[in-house]
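Naming follows writing order (A, B, C and D), and every chain is counted from residue 1.
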Amino acid sequence: MTVDDNAGESGTADEAPRRTLGVWFVGARGAIATTVAYGLEAVASGLRGPIGLVSELPEFAGLGLASLDSIVVGGWEVRPGTIARAAADLAANGVLPQDVVAKSAAVGVDARTAPGIARKDDPSASPASRERGELPLREQVRVLGEDLAAFAGSTGVDTVVVVNVASTEAVVATPECASDLAALERALDADEKLPQSVIYAYAALRAGCPHVNFTPSPGASWPALRELAREMSLPHCGDDGKTGETLVKTTLAPMFAHRALKVRAWQGYNMLGNRDGETLSDPANKGAKLRTKDAALRSILGDPKDLHTHVGIDFVPSLHDWKTAWDFVHFEGFLGARMSLQFTWSGSDSALAAPLVIDLVRFTELAKRRGESGELAHLASFFKSPLSGGSHDFHVQFAALVDYARRATTGS
Amino acid sequence: MTVDDNAGESGTADEAPRRTLGVWFVGARGAIATTVAYGLEAVASGLRGPIGLVSELPEFAGLGLASLDSIVVGGWEVRPGTIARAAADLAANGVLPQDVVAKSAAVGVDARTAPGIARKDDPSASPASRERGELPLREQVRVLGEDLAAFAGSTGVDTVVVVNVASTEAVVATPECASDLAALERALDADEKLPQSVIYAYAALRAGCPHVNFTPSPGASWPALRELAREMSLPHCGDDGKTGETLVKTTLAPMFAHRALKVRAWQGYNMLGNRDGETLSDPANKGAKLRTKDAALRSILGDPKDLHTHVGIDFVPSLHDWKTAWDFVHFEGFLGARMSLQFTWSGSDSALAAPLVIDLVRFTELAKRRGESGELAHLASFFKSPLSGGSHDFHVQFAALVDYARRATTGS
Amino acid sequence: MTVDDNAGESGTADEAPRRTLGVWFVGARGAIATTVAYGLEAVASGLRGPIGLVSELPEFAGLGLASLDSIVVGGWEVRPGTIARAAADLAANGVLPQDVVAKSAAVGVDARTAPGIARKDDPSASPASRERGELPLREQVRVLGEDLAAFAGSTGVDTVVVVNVASTEAVVATPECASDLAALERALDADEKLPQSVIYAYAALRAGCPHVNFTPSPGASWPALRELAREMSLPHCGDDGKTGETLVKTTLAPMFAHRALKVRAWQGYNMLGNRDGETLSDPANKGAKLRTKDAALRSILGDPKDLHTHVGIDFVPSLHDWKTAWDFVHFEGFLGARMSLQFTWSGSDSALAAPLVIDLVRFTELAKRRGESGELAHLASFFKSPLSGGSHDFHVQFAALVDYARRATTGS
Amino acid sequence: MTVDDNAGESGTADEAPRRTLGVWFVGARGAIATTVAYGLEAVASGLRGPIGLVSELPEFAGLGLASLDSIVVGGWEVRPGTIARAAADLAANGVLPQDVVAKSAAVGVDARTAPGIARKDDPSASPASRERGELPLREQVRVLGEDLAAFAGSTGVDTVVVVNVASTEAVVATPECASDLAALERALDADEKLPQSVIYAYAALRAGCPHVNFTPSPGASWPALRELAREMSLPHCGDDGKTGETLVKTTLAPMFAHRALKVRAWQGYNMLGNRDGETLSDPANKGAKLRTKDAALRSILGDPKDLHTHVGIDFVPSLHDWKTAWDFVHFEGFLGARMSLQFTWSGSDSALAAPLVIDLVRFTELAKRRGESGELAHLASFFKSPLSGGSHDFHVQFAALVDYARRATTGS
């Protein structure tokens, strides 16, 4: 689970020992993780092409990324069930194709799933997860670390990347200990109340695993965690996968800026019906998501005072995983002419997220192999709120990824 | 009308002699030219801010572009009337604001308007324009050149840029003489039938004027004309201003490519009600426009075999200048999930085009001053079908313009 | 101000004395009242045709409605200003056409405007309105009644119809006195806190004036006021003009019902930027509006348990009077197929409301002349929440109006 | 195959002999017929509810319509294949649910399918169909009649209704023989070239079977055929099922008329990817469809001179059966304010059509049982171009159906 000595060679020479990569999810039977598990098998077996996989674009062909059939999936899950049941539910709602579910087996995923950390009063959580939730924090970290070691040991994977795809956590005030690793260590010792996403991230980094935060929950975004990542020489990235409306927004907004058109209002209405939608229908949880969605837009447009923006998320159960968003852009052109652009985006949330998770795991594993650590700035295009900061302009972000690949390939 | 000796200093030093710039339109009382004439005055006088003017973005502040109040407008026009009447019509349809028309006078534009070249059987053309249309081609070129010289002489402008904003011409087969300047000269001698946009472009370049083709008509796009531009050491650019739906298309399409999403269909439906719309409702004229609109998309997406595209333009009189476009993008994501993005764009065609015309004139004058000649590749972002070829990706194009500005400013 | 003796003859015989009709607004310089004042003049003078006026449809030609040039406008207004200034603001935002404002004078409207009743701490209210607000309720009713009498006296109109077009009031709990006229009288005597719309409605009915409530505020909807209307033998109607999104909704929803299609979700997002929008951006005020909007839909669809609906209203200042709404309908068809219908409605709120106000005034005056009293059920098509109850299906409501006209004309 | 003596009792009394109804399709393995076959089984067995079935609405509960489990399906088909293969294709494209295909067997449909009449040069037709196409017309009519008799005989159904759901035929000039039955008989004798839909309709009526034309092809719409229906005392209905965009159009258009709003332009863009779309992508076939779509709108709006309309149909293969339509309505309100309504409709063509076909068959069988003949005016709401003429207003049409049911039930 440490960086391989012969980094750089892997994937290029036929005789190289086969490199394997473990993905360990926070939320192992959620819609995204399930789609990753079945999708990897479908693409690796040739049942489906690599549509949606950025890492399979020609621009990244020479990077020696871990091959798709070398990726092994496992993770923590707080709810009871099996991945087969999760897949059947996704299939019934048109997210996973019937033939993919029928032919892929996601064999062994259930065996590689450990209980997560649940609140003891969470009625939807498994007893084992609720038990774990009652352990002192230091004990939680210990058992989570044992899970990661066991996964690596039983599968023999060279690297384990921990990916948070769990439901968005309720927004809480950031505690003082967030800003400093020593303070966080004290808080762990004192068993203070900390967000679960932070516990998972801490446990991952302490276990030597790179961390990917695909959610808007804090994860490894606190300065204390960033310090830990640097201390452990581990790469990590986040926050909040840029899958749909924000992707379109950060693609379109630069157009207005580059044409000197004055955006007066940008109203975004999101509707979704999966568990994430239900979680977000609670205003407490919605906060985190909306904040990151709005900030990107304002940043691209130069945060003008008279810009009016709105981002709404509504839970519409019948949509299930099919997220639909309507954006209305009211802008002013030459001599004050009022014009508008509106778009409707309709896509499967999980089908959009899953390939990006696979991409992130591959790019992050490569970064670890290359000895990179800290926030991976070249992966900003994947996130609504990149840990590394920088431009939210999707084109600028993608150009940075291509540039990284060019430099990594040519060694320049 | 020749390049000033102290090029490069202008606009930067206070003591520098005031540089003036003449814009000579093909189509001087059309909606775009009228909006330019009134708009320039409104912005130069401070009645309106520089919204929509790319050349006023901070990225281009150090270039020493001709100041907005130094620009003088004139041109050729085949239809009878006055610019005040054209402005009143635009005001009645909400394109030009009432106060802009009331306070701006576009003084002298009518005096600086000369007859164009019209077919003798064109019932909407002025008698003078029809007369000109009956002259032999060499005579036409001569009188057009005299107009340009008279404009420069009477206004004292340092440079005249000729800009074609006339209605789209009917598509005709490209003659053999298009490919070679000597052949074109012979065709002119022989008084062969040539597109009017080509005659105008030829006359402009021969008179030492840079040429901007904002229309899909041939203009200076034939190899013979490009040869002439190089021979005359003149910069020029075109074709077909990228004002609305194609702008959005070339902004959005790269997003699908960069996310490895497979676009299966991209249907574009355009509706407009101005003279351009009427002209384009004739299938013969529509051809040119649709070709350039479709090519950009296919180029960005890698021209996949199973991509189905459609671009329609319909004349809807009640919309007048307010172009409305609906695009439907059907795309495939991970494991074949079918998703869609649709957008409705609603904007004033003239208000979108006019500032870009002003930008092009300023950038082209600068290019002439800097001694550049031939197709101006850095202006590709302004066109549906850039003469210089290259990427249609709006972001790539804009980055090239910023890069040009950086190099021009730092002298690197 | 009482019903004329020769009722029924007016408008049909040439020799009949000219009948005149006074409209007295609550909110006399608001966008709707201003548009009514200028619009009446523009249509009566022939500057504009009768577009948008339901009462000018052939179906109602034989009813002997008061002619448009016989209508005189006045009203109460809490804010300072002139109607000319209100009109200029509407013209600048494209609601009133420039030529209508230039040629119509709305002469005398300012002279026929009296102070309204404002809270003493309302910073935007005129001093005279704030003074009135401090009077005991019985005094308020008295001065309001004097205004109505003075209006009738000075203009000589035969009938005065009071129309509430003021901003939506904050939702408050309905007091016990609402249900019984005697109790309401005691509450007035005791100077209890009552909604202003109720005071206006009480004063109007007591003064013998029919009342039209174009807003979602209580107005004359309390049982006590309905009792008063019957006691005074006066017709009245309301609540809340059906101008835009709800009109489309109650037109479309029956289609799903009649085709046995199962609507699973109907999400409606409204954006507007006028004073009404600002008022509604306060959640307290929004409540009234949203309740009436949602109830109509549920009623038409049979209020199924698994129907998910949402109605949002957002304040988007740059839109000014141009209300834009997006509705998304997710429905299930044969064998469970998931389908959708979405629409975007974009219209000027005042231009939609003003003609309906004129229609309501004319139909209400006719009802008074015909001796009808109480809630006018045949005017349900004009309201989001008809006082008379009944079907919300726009087609059923319109058929009822046509049927009323047929019966009124044929005397059957 | 004759009207039962105890008509009126059937379906109401438990002891009544079970009435059975045969549906014989023209196009028995097309998407609609296949969806009907599987859907009937799914609904009759309780696997799915009666969503989309108008005839199952409470308004029609007392009519004694043939029960769903009494309907037997068969038909003519020109292409080779099996209904199971057709169903698998629909399932793969999300039209038929997997569990419906898995659990329903459409047992016996293939056995009850006879060859259709194909042109001998039609490469996609079965040899048997091409053979039939070479027979003299009188022979064709004879064998078609034998098919109907055999179907009735083998299944024992009381009534056979012939329903045309075949692909739209190319538009041809209507021959003189269309206007008179005697002339048509001579044309049949003379073996003149006649549209296939006419041959099928003639054969059906001659065999004593009511006819439903769900397509825009001529079918039984020629006066000669209508004469035959009356002569045979048979009810029939058509043309062209009102399933999607036209349904919405004829629901919405009356709203504009009733509100005195002036529609200036109604642009409709349809996209579909199934066989019907492919057929319609041929301009020759498109004609029939577009004509009926446009006429309905113009009729509702009073056919104003300055109304600009457009109806387009484009073939977009990736959409398969999922028809998507965008309509843009540009309208003028009070004082000339320009407003717009746009909608996007997205639905499965077959899932929309199939239940209406079932409804039509049930209502038509009832009409036959009740002794009605000729064009069934009460079924106008089901058609884009009702044979009976009358209003295109969907609400008026539906009210007529409800009224028919009330009269039929109460015997008034």
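For the reader, a short list of remarks on this structure follows.
What we mean here is this: contacts are C-beta pairs under 8 Å (C-beta built on N, C-alpha and C of every residue); 3 or more make two chains touch, one makes a residue touch a chain.
Note that this is a predicted model, so its numbers are computed, not measured.
Note on connectivity: the fewest chain-to-chain touch steps from chain B to chain D number 1. The chains touching chain C as well as chain D are A, B. A straight line joining the Cα centres of chain A and chain C is 51 Å long.
Rounded to whole angstrom, the centroid-to-centroid distance between chain B and chain C, based on C-alpha atoms, equals 50 Å. Chain B has its Cα centroid 44 Å from the Cα centroid of chain A. The set of chain D residues that touch two or more partner chains comprises 94, 332, 340, 342, 344. Every residue of chain A that touches chain D in the complex is listed here, in rising order: 94, 98, 344.
Residues 264-265, 267, 269, 271, 308, 310, 312, 314, 316-319, 324, 326, 328, 330, 332, 338, 340, 342, 344 of chain A are the ones touching chain C in the complex. Only residues 35, 38-39, 42-43, 48, 50-54, 56-57, 94-97, 100, 247-248, 251-252, 254-255, 258-262, 332-337, 339-348, 351-352, 354-355, 381, 393-396, 398-399 of chain A touch chain B when the two sit together in their complex.
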